[in-house]
Amino acid sequence: MTEVVAAGAFYVFALAALVGGLGVVSARHVVRSALFLMLALSSVAAIYVLLSADFVAAVQILIYTGAIMLLLLFAIMLTPQQVELPPFASAGQQVAAGVVAAALLALLVGTVLVTPWPLAATPLDRPTTEAIGQAMLTTFVFPFELASLVLLVGLVGALLLARED
Amino acid sequence: MDLLALALVVLLAPFGAFLFNAFVAQRTWALAGLSTILGVGISFLASLLVFAAVQGGARLDVSWPWLTIAAGQARAVEVGLQVDPLTAVMLLVVSGVSLFVQIYSWGYLHERTFDAHGHPHVHRDPGFARYYTWMALFTASMLGLVLANGFLALYVCWELVGLCSYLLIGFWYQKPEAALAAKKAFLTTRLGDCGFLIGLLYLWAQTGTFTFSQLEPRVAALAPEAATLAALLVFCGAVGKSAQFPLHVWLPDAMEGPTPVSALIHAATMVAAGVYLVARTMFLFEHASAAMLVVALIGGFTAFFAATMGLVNTDIKRVLAYSTISQLGYMMLGLGVGAVGAGIFHLFTHAWFKALLFLTAGNVIHGAGTQDLRAMGGLARRLPWTFAAMLAAALALAGLPPLSGFWSKDAIIAAVAHYQPPAAWGGLAGAAMGLLMFFALATVLLTAFYITRLLCLAFGGAWRGVPQVYPHVEEAPAGMLWPVLLLAVPTVLAGFWGAPFVSAAASFATFVEGHEVHEAFAPGLAALSVALALAGIGLAWALYGAGWLQPAAVTRLAGPLYRWAVNKWGFDDLYNALVGRGAVGLAGAAAWFDRGVIDGVVNGVAQGTVALGRAARAIQTGQVQTYAWVVFGGLVIVAVAILLPVVLGFRV
Amino acid sequence: MNDLFATLHAVLLGLLRAVLPEGLAQALVTLLGIAVVLGFVALVVMSQIWAERKVIARIQDRVGPNRVGPFGLLQSVADALKLLSKEDVVPARADRLVFVLAPLIVLVPSLMIFAVLPFNWDATVANLDVGVLYVLALATLPTLGIVLAGWASYNNYSLLGAMRAAAQLVSYEVPEVLAVLPVVLLAGTLSLWGIVQAQSSAWFILAPVVGPLAFLTFLISGIAEVNRSPFDLPEAESEIIAGFHMEYSGMRFALFFLAEYANAFSVSAVAATLFFGGWHGWLLPGYVWFVLKAYLLFLVMVWARGTLPRLRYDQLLAFAWKVLLPLTLVNLVLAAVVKELRLLEVVPWPALLVINLGVVGLLAWGYSQLYAAAQRRAAVPLLEAAQGARS
Amino acid sequence: MVGLQHYLILGAALFCIGLYGALARRNAVTVLMAIELMLNGVNVTFAALNRYLPLPADTSLFAGQLFVLFVITVAAAEAALGLAIIIAVYRLRRTVQVDQIDLLRG
């Protein structure tokens, strides 16, 4: 029963994510792209929930769908396009890009299907928050410190770049 | 009160003062000054208690885990405190000198300037609070450096004192020279610190710990090459901090800072940190005899040539700066020949008398309104107390018994004499011995010479500055005089602790090294060094004391003598001219080589590159997306090339 | 099986299963649940509007709505009907899709928040163990809708409103999260239910210094996040005529309106959960306490709106970065201290109350002193100017 | 039934869609969005592997999810910086069309 629900949910949200993604790359106007990106990101958050990564899901909404999307919209509005320029690159470039993307996709899918995955006995479903917190301050303390450093640098750099004058 | 608590008090009192000044007392100058003086005072008292406890045999070595990586305690990073005789002595020096300097600075920051009519004007420096804030931070971090029980904490404090030095050299950042000097000092020392950092990371990679007590056994297990490499890298840091030969250039410029700063940071404590570092990690150097020799040679050479530079400088503070470099060289020399006790002993005495020299120099500058020796003279009558104090310090520096400098310097010379290098080097060892001995003794002469010259130029003779100023030149206020006179006490007495007539059991070296040390006191050597010192003094006296006589009278009475004196007066110019011409010639040669050879090569390379670039630019569209496309296309191709066999393997 | 909703759910499901196929029954029950939440929200919002208008009226020495129904209670209903019956206008050059979607993007998250609010120990629709994070995350989404609405309206004032909203949220999201962290630290859980449970001995507002500080910072940044006065710059009538929803009318405007009040309520409800012990109370049932606390906090917001003038734009951002952010960071450290000393466990709550009141009093006194000093300093030049003018 | 491979394929698909966008769109902001999409594809893969694969004993149970968190962190910094750059470029050249930003042209 719940399996069915989970499967249905997966297909729904996966479809939504893919639609969102395709929308992002195919919409004619930037804001439409943003709208689709919102859809994609939210669906990915839902996918995280299905993967029993609720903490990550919440963070995804908070950071991606919340902050980053907002920044993107902000940037869109700060950089108005005075003349309507063609949103897509030259046909040749599009084809080339499509070829590479398709090839990579084929490659990845093939690998995924062929590889004999050493699956765990039972999928890992258990509350994550505390364990993640523990790990972040012990095993992953250096990446953690590094990430904070990156954030700081990003902050300063962004300030410096976007400053008037 | 247990040792740990005491140590924490020592460390946190000045730091608290710093926090208070930084966040509360920035607007209220008096409060800032008082808090720093109070903090340092407390820490000084605590240091005395610590010292007493250590004399009573107490020791301390505690570590706290800072980062624990789950791969096991083997890679745990710890920070901690350590108190042993060496630390205790350093604590005494740092907090003591710092206390004197803090009190002194109060008066010094009320600067005296002379207007066109030679009338003095006193005004408080606008950066008063800032000054005491950084001073507190410096004291705290210097104490932390001494208390650290591992490389990590030590390195952090090491950089902190570097920062404070930068901030305080550039205290008058409106002056471009000051700003430049600060930058120069920071960058030069950083050069050495890079080596230091690499060294301690290398050690960590090799032994998996930063803590000295744990390092000691593990280092013993290290391969000699590794030990030598680590020792040399660590020594790089010491060279930078203690302004040893290749990296000595920053210290003279650092004199742009306020004089008390020079006294505390650039004479007594921070520059001695390098010496302390080598002493603290002696267990490492003992496993690297080559590194030891390098230390000794660099130390000796620095001592000698810094002294020669001190001979000719006309800026009172710069002369002292060169003297500091030279004395630090002595300490390194002592450590290099394995006499930790002697080296640290010299550090100990030097801290007092050099700080005293700088503070008295500060009084002179404060009174005369200039740093230029050529514009001084005849100040002995105006600044009697200052003169007395400076005289004591100068004689201590020159190494006349029974003043402190004599005993410590002599201990080092004796150690050099008794130093037998590893037999492995054979003839080289003998050469090294001779060289070191020469450095040690020649420097005695030069030291005595330049310090006497300084005294004569500043205090002897007639006033050579702006005439209207002289009547207003007066002794420094009490706030600047008492610290000086108090400092004179250790300057005179500190030496007896290590004097030969003290029983070996109670001697300084024994205390520091922790085991009975019999410094073979060589009366012959002592006599020789004293004789050299006297010779230097006499020479300088003859040269610069001669200025006392009225030139006219001299010409009338003893023409040849006068002419001889005149020629000698021209000594500096001659010396400078010689050096200058030599330098110019050298520069010319270098310039030719540069233009002819190096530029040729460089240009050739450049043109080659340009041509290559022209060839290559065709494929550079400047389109980020093109580049990305190439990257991913390449990725796909490579992946296919790698994976295809595997896939087939599965298929079959 | 002490979960009230679960019981109801089971009973209903059982009844429906008798007459309907499995899937359909499921769907129906779910729909029913959604309908209940929606109804509750609608009810809450209407009552809020009425209460706000009354209170504001009193503050401004007016009577407020008093025609429709007793005490004008039905005023909101009338307004709602009016809005629903209005014509639905879309500006000619607007981006239709975005214009239509925006109000929904604003409304849906604000409704979703209600799913995790712990109305009572046995009445939480969904008890996530990352509840707090979930709430914070959803609280940021409406702004996206606002920004899109402002952009889609194809109107400069709306665009300005949108930009303001974006900048405001980006600035105030940080202190809001940081203001919640002390509570999470003290409770040791991210689940709202667990947080309320952890307050059974002492409410977190009682944590010495930490509690009030966290509460204040949370309330302020919360008000800023739902764009209520004095932080209502995105719709500042006097500056950018109603800002982002200027082009909206009728039904769509009603959605914005609904969302705004729903958000206001959820902020006060969350505050009640985090700081005022959620359903904990005496003799009255938990539901009542919870809603009561939420309403009181909402009235505090109303009070603020009625009292304080709107901030200037630069003041708004400066306040977030230079005041709130440092405060919350310091507060976090203090919270760690409080937790280490286990003050909330060892000290009885009346003592905590006394301590906090003392602290608050002290702060108020100090602030008044500073304010007076500032007044004096500001006054002096005027005085001199006057004298200068006279002489 | 839905298993590991479904999620992995989803991740791959998202990544490749993003890649196409990053290569074929002109507006720098859109390109940035596409890159975010790629990152999300990677994140889904991480989370899925974290759930389905047995982890070595000595590492944390949620290493995969931690990677996701780190990626999100970096993505946040990257977005902020990227947008700052875009705005700076816009001030400079009044355009955000990547094919008009070719200061790198040799």
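Order as written gives the chain letters A, B, C and D; numbering starts at 1 within each chain.
In the analysis below, a contact is a pair of C-beta atoms (placed from the backbone, for glycine too) under 8 Å apart; a residue touches a chain by one contact, two chains touch by 3 or more.
Predicted model only: the values in this text are computed from it and were never measured.
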Quick note, more Cb pairs in contact for A-D or A-B? It is A-D
For chain A versus chain D, what separation do you get between their C-alpha means, in angstrom?
6
Approximate Å spacing (C-alpha centroids) for the pair chain A, chain B:
55
How many angstrom lie between the centres of chain A and chain C, each centre taken as the mean Cα position?
29
Could you grab the centroid distance between chain B and chain C? Build each centroid from C-alpha atoms only and quote it in angstrom.
61
What residues in chain A touch two or more of the other chains?
55, 59, 67, 71, 74, 76, 89, 93, 96-97, 100, 104, 138-139
If you look at chain D, which of its residues touch at least two other chains?
19, 23-24, 99
Shared interface positions of chain C, touching two or more other chains:
none
Touching pairs of chains, which are they?
A-B, A-C, A-D, B-D
Listed in rising order, chain A residues that touch chain B in their complex are 89, 93, 96-97, 100, 103-104, 107, 110-111, 114, 116, 138-139, 141-142
Of chain C, residues touching chain A in the complex
95, 97-98, 101, 105, 128-130, 133-134, 136-138, 140-141, 143-144, 147-148, 151-152, 159, 162-163, 166-167, 169-170, 173, 177, 190
Can you name the residues of chain B that touch chain A in the complex?
67-70, 625, 629, 632-633, 635-636, 639-640, 643, 647, 650
Contact set on chain A toward chain D in their complex
3, 6-7, 10-11, 14, 17-18, 21-22, 24-25, 30, 33-34, 37, 40-41, 44, 47-48, 51-53, 55-56, 59-60, 63-64, 67-68, 71-72, 74-76, 78-79, 81-82, 85-89, 93-94, 96-98, 100-102, 104-105, 108-109, 112-113, 117-121, 123-125, 128, 131-132, 134-136, 138-140, 143, 147, 150-151, 153-155, 157-162
What part of chain A is in contact with chain C in the complex they form?
29, 31-32, 35, 38, 54-55, 57-59, 61-62, 65-67, 69-71, 73-74, 76-77, 127, 129
